[in-house]
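Below are the structure tokens for one structure; questions will follow.
Read from first to last, the chains carry the letters A, B, C, D, E and F; within each, the first residue is number 1.
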Amino acid sequence: MANSLELRPDGRRYDELRPLSADRGINRYAEGSLLLKWGNTVVHCTASVEDRVPPFMRGQGTGWVSAEYSMLPRATHERTPRDVNKGRINGRSSEIQRLIGRSLRAAVDLNRIGERTIWLDCDVLQADGGTRTASITGAFVCLVDALRTISGVDALVAQVAAVSVGKVNGVSVLDLCYEEDRTAEVDCNVVMNSRGEFVELQGTGEGGFFSRAEFDEMLRLADTGLTALFELQRQALDLSASEKPIFTRVSKNT
Amino acid sequence: MANSLELRPDGRRYDELRPLSADRGINRYAEGSLLLKWGNTVVHCTASVEDRVPPFMRGQGTGWVSAEYSMLPRATHERTPRDVNKGRINGRSSEIQRLIGRSLRAAVDLNRIGERTIWLDCDVLQADGGTRTASITGAFVCLVDALRTISGVDALVAQVAAVSVGKVNGVSVLDLCYEEDRTAEVDCNVVMNSRGEFVELQGTGEGGFFSRAEFDEMLRLADTGLTALFELQRQALDLSASEKPIFTRVSKNT
Amino acid sequence: MANSLELRPDGRRYDELRPLSADRGINRYAEGSLLLKWGNTVVHCTASVEDRVPPFMRGQGTGWVSAEYSMLPRATHERTPRDVNKGRINGRSSEIQRLIGRSLRAAVDLNRIGERTIWLDCDVLQADGGTRTASITGAFVCLVDALRTISGVDALVAQVAAVSVGKVNGVSVLDLCYEEDRTAEVDCNVVMNSRGEFVELQGTGEGGFFSRAEFDEMLRLADTGLTALFELQRQALDLSASEKPIFTRVSKNT
Amino acid sequence: MANSLELRPDGRRYDELRPLSADRGINRYAEGSLLLKWGNTVVHCTASVEDRVPPFMRGQGTGWVSAEYSMLPRATHERTPRDVNKGRINGRSSEIQRLIGRSLRAAVDLNRIGERTIWLDCDVLQADGGTRTASITGAFVCLVDALRTISGVDALVAQVAAVSVGKVNGVSVLDLCYEEDRTAEVDCNVVMNSRGEFVELQGTGEGGFFSRAEFDEMLRLADTGLTALFELQRQALDLSASEKPIFTRVSKNT
Amino acid sequence: MANSLELRPDGRRYDELRPLSADRGINRYAEGSLLLKWGNTVVHCTASVEDRVPPFMRGQGTGWVSAEYSMLPRATHERTPRDVNKGRINGRSSEIQRLIGRSLRAAVDLNRIGERTIWLDCDVLQADGGTRTASITGAFVCLVDALRTISGVDALVAQVAAVSVGKVNGVSVLDLCYEEDRTAEVDCNVVMNSRGEFVELQGTGEGGFFSRAEFDEMLRLADTGLTALFELQRQALDLSASEKPIFTRVSKNT
Amino acid sequence: MANSLELRPDGRRYDELRPLSADRGINRYAEGSLLLKWGNTVVHCTASVEDRVPPFMRGQGTGWVSAEYSMLPRATHERTPRDVNKGRINGRSSEIQRLIGRSLRAAVDLNRIGERTIWLDCDVLQADGGTRTASITGAFVCLVDALRTISGVDALVAQVAAVSVGKVNGVSVLDLCYEEDRTAEVDCNVVMNSRGEFVELQGTGEGGFFSRAEFDEMLRLADTGLTALFELQRQALDLSASEKPIFTRVSKNT
């Protein structure tokens, strides 16, 4: 692994994240909003509070968090036709928005937000790998701002972020860009809370297989990356002294 | 009309455009791209070149320009559900993207771009009135950049931009924001070329009527606004000395 | 323009309408119905009264007017597949039915018809140009009959009709047939009330441009045509002496 | 059954058809067209010739006949929303157009029309019972005219028409109107050729049952009605002396 | 017809059913369930009781019976793509499920089951002809079991089953397999009750014609087959002595 | 964990699979088929060979494996409406069929099956938890049989099976039934090959979190279960002596 540095197309070390920048409050109307640039991947996230829940949940006094994910047609290298012209969302987008929704629901005590739905919209303006982990990481920031307009951050049970890891040309690497993702032997997405517990874990041998040892190595890389991502979220949120502690408290299942 | 100044919610004069800024080249992959901020309206435009034309045009040696228009769910004050979840594009979006397409096709000599389609994607990130005129005005800039990658700007036959005018509380005004648009008695969208000729003209008495005199007054306001918009486009394009003349040449029907 | 007569495919003068005939009451069930033959264009219009309004309008004590437009598959020279087989209405039809709806809503004081929807269905049995203006002109007659079954004609605020004008081979002409429409440089649809005010105005340079002078000339032709169309509507309605005056009263925005 | 006369809402005898009139050639463009008024039921039929067959039939040198059936929204007593707004054809229309297609394919030797599709469009302008039998009976006339533009009538193998019979209030009746159809205990549709052979036969006990004897009685009534319908078709077609014989020849399966 | 035996691909006599076996109670959750093997045709039927009726029936104190029919993709010789991927049910399936629904509604007194819907799901696991008649025959057994969980079998008004008959190579045969169905000149589906009355009757000359005499002969064959099918249903239901009489009582329309 | 035995609703030990039975060759037409009963979960799997690949893969000489997953309406405790009636596949099914497809593609060397698609259809007849792992495990058997009809089993690169593990009431358990799944704190699906390498790994904290230690414990349980599942597959396939070795060879990425 000595010369793995040379393997990455953008010159990064195997355990190095791409440059990140977050622009919070980009939308005048939304209860929370963030433009997250993560390398060449750009995701536009908003949180919207709606004063009702889906029909199957009505009258139970509890809230809901729902996510939607989409890509602009020219987010990709070649233009991709819009889903609406085929009359239905494509399988990949559907799978991703379900993942985002599950991940962010884990961050909230749904009993403390009343009968409200918080919609998290993640629209990819430009895609260079890692759009689903960028969506989760960015949507968390919007979610916190949306909670501030309702119940306050006490309804938070954890700080949640996500990162990708994988095996490319036989080497485990952190935060794959599109060029790496396309040829990776293994591709994992790791969603964690800031106490180091898993929210969601998905590993895929892209047409191949991976051993337990390889998997363990990738999880170690994910840990490194997530530490930086949690810090980025805290900075983006510009946390006040009184709010900071909540991001270390993780109490849901313990 | 003396005190019409006071009527506008954002303190503008009746003949004043909102502040505009244009950020060109925001997308690494697209052949042309522009982020246009027009007051609180924000439109993300890209141009994509595809090396084929729709089936009904194949084999004729001529090209095509097609536009698509959409709004992010939280572009609006209240979140609007995505069209894809209903399985079809809504009537308003369909009408607007047809208008954008017609307007920009008028700017190009389709015989000079080969059997290619130039896709113009206009995605509204934030909506505060005038999204269709912002889309046309912004898409023109992307179109020019896309032409540069194919045939050069000689395929251009005109510089095209658009602005809204209307009658609000009995006063003719330029460039309506959402709050004005919502209560306007008349709403017009004017698409022109830089020689002062019409490309497209749509006037709607929103449940009421308007006289010929009122219409003439609105067209005069549109003229004022478009002069500034043509200049904005030229600045955004950062025209070289040799390219500038083409924007004064308008030869298609003359 | 001296020899413009010779230019029209059916021998008409440049300012001459095609022959019109209207057959009212063709449908036993509908509250209003009309078969309008306008040259070779044939439109079947009905008005249907429904005792409820769309969800977003409920409980406000006001009514609604909604239009739908469609063409039979063989209304056109070549058979056109039905929209239903593609699962959605096509963009052109959607645009047209929105225009018809807006135009006819302007004719009615929605506060005077109770919480009812008046549906205006315009189905083109044969298409030879001008189907949208025929739909508006015909639907107005059905609307009046539908109002008679509810509130009486007092809910009318204007008599509304529509005509097309355009520029064909460099000459401004009234009421384009399909052969003219297909090659026109400019195509305008003008919706007016019987006091000479505009309801809706749409001008399109079909891939080209038009000057203010050309536009003014076309509006003069539209005026000529609309005078005849308003008279046709009055005859079709077989107005009683007591009802006639309402068609000169236009009070909505004055 | 002596007083069955009194049972029918429009004063007809139990074995009497409603008044029929057929207006042929109503469409300038279609290869065949007919407006069939059958009591208060009005069906607009066209035949369109398309120079290709569906993909699964290509290259076999044989043709195809396909039917489509639809109702205008206000063909019915209460307005029925258009199928296109739900994104799919309703089950009843789908079932009817399949019946029309099968019935008319039986009338043609598909090997003698080349690789062409003849589309039969049946659009119900007003519905008062018997719309599917009117569609079949009317479409046959259009089909003959379409064949004349291709291969000549030699490709015909039979004259085909259809009629409904049923049991209403315990009495067998011919040609049910809507008021009868709605309360009928049995409803049968009989498609025959002019030699008295069946093309298609559908009997439905509407929530109940019917005996063999009742069925036989209804078939006798159908026979009576079809004799008149075959004559109506011949008159509508204005058959020349040389063409008449083909309508007595029925050779396909014998 | 002496040597018609030799004509059938599986060696059956012209009046012989294929081997049948019924496995009742295959589903732990459904109120009624049956796996019916009929030659190589295999249909999986369930009955589900839902405590509400469709919107248009609410508040009338009466129930509803609704059927749905589908085929697994590889029920057929070649794999057939799933309907859901085209966004709508195909015409054939729609037609069949409407037939199943009508046939089974005739078996029940809807006034005696309360405001409930009984859903009959017929899913074809393997198709070798006669899937619609197998669905009806099998769904009846499920329906009886579902009624036992509600109102008891008193709500039954008849025992209903179905069989196909047809003319193949000029010979009338009972219970067509796919190989016969595909080349049949006539194809009839006969739905009857156990007193010998018709519920539904559909005869189709597959591109040809059939005489009254041929039709009568086919009905005689259907009678033979249905006697055996009624017995099969009774055995599958394992009727207790007290329940048996209800299957001979048929009182709805008499 | 001493008394974890008592926690399971069906009396199983925490590391015990439910009873399994596999019925191979249930479909006369499919190239491979299996009915897999796994506790009360019943999945009907088929493999179908189609002599073409999706458009984007044509001309590359390589094959494809595609999976589709669906549930019969009454597979569940309460009846679930069919997807086709909503016009699109639901998100959960879409996600599952993508997982099945990826898992089984890993088992095959796509370069050795020619330009063919192997369709794996997994239809759930009854659902009691673990339907996706049953689908993968069952589809593998069908896939082997399908390969035998093409290229022989040499195109296999691994034996693949799947099992679920989770944490229920604080205890890690193998093979969750629906009652456990519904209340589980963690739910993991593990897809492995018979050499102990991962194909796909998905862990979800159902609204909560899980530690690394808990995850490791669940993976150990998965290992136990998969050993039995690989043996079940071999028995179902009734492997000949010459074929057995291939199931120990796993060579793709090594």
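A few remarks follow.
The rule is simple: contacts are C-beta pairs under 8 Å (C-beta built on N, C-alpha and C of every residue); 3 or more make two chains touch, one makes a residue touch a chain.
Note that the structure is predicted; figures quoted are calculated from it, not measured.
Chain pair with the larger contact count among A-B and A-F is A-F, by C-beta pairs in contact. The pair from C-D, D-E or B-C that reproduces the interface of E-F, where over half of the contact pairs by residue number are the same, turns out to be C-D.
Between chain A and chain D, the centres computed from C-alpha atoms are 60 Å apart. Centre-to-centre spacing of chain A and chain E amounts to 52 Å, using the average Cα coordinate of each chain. Each of residues 87-89 in chain D touches at least two other chains. Annotation: chains form a contact ring; the order from chain D, going to chain E first, is D, E, F, A, B, C.
Of all the residues in chain B, the ones that touch chain C in their complex are 87-89, 91-92, 94-95, 97-98, 102, 105-106, 158, 185, 188, 193, 195-205, 207-212, 215, 219, 250, 252-253. Only residues 26-30, 33, 40, 44, 46, 48, 50, 68, 70, 72-74, 76-79, 82-85, 87-89, 119, 121, 123, 125-126, 128 of chain F touch chain E when the two sit together in their complex.
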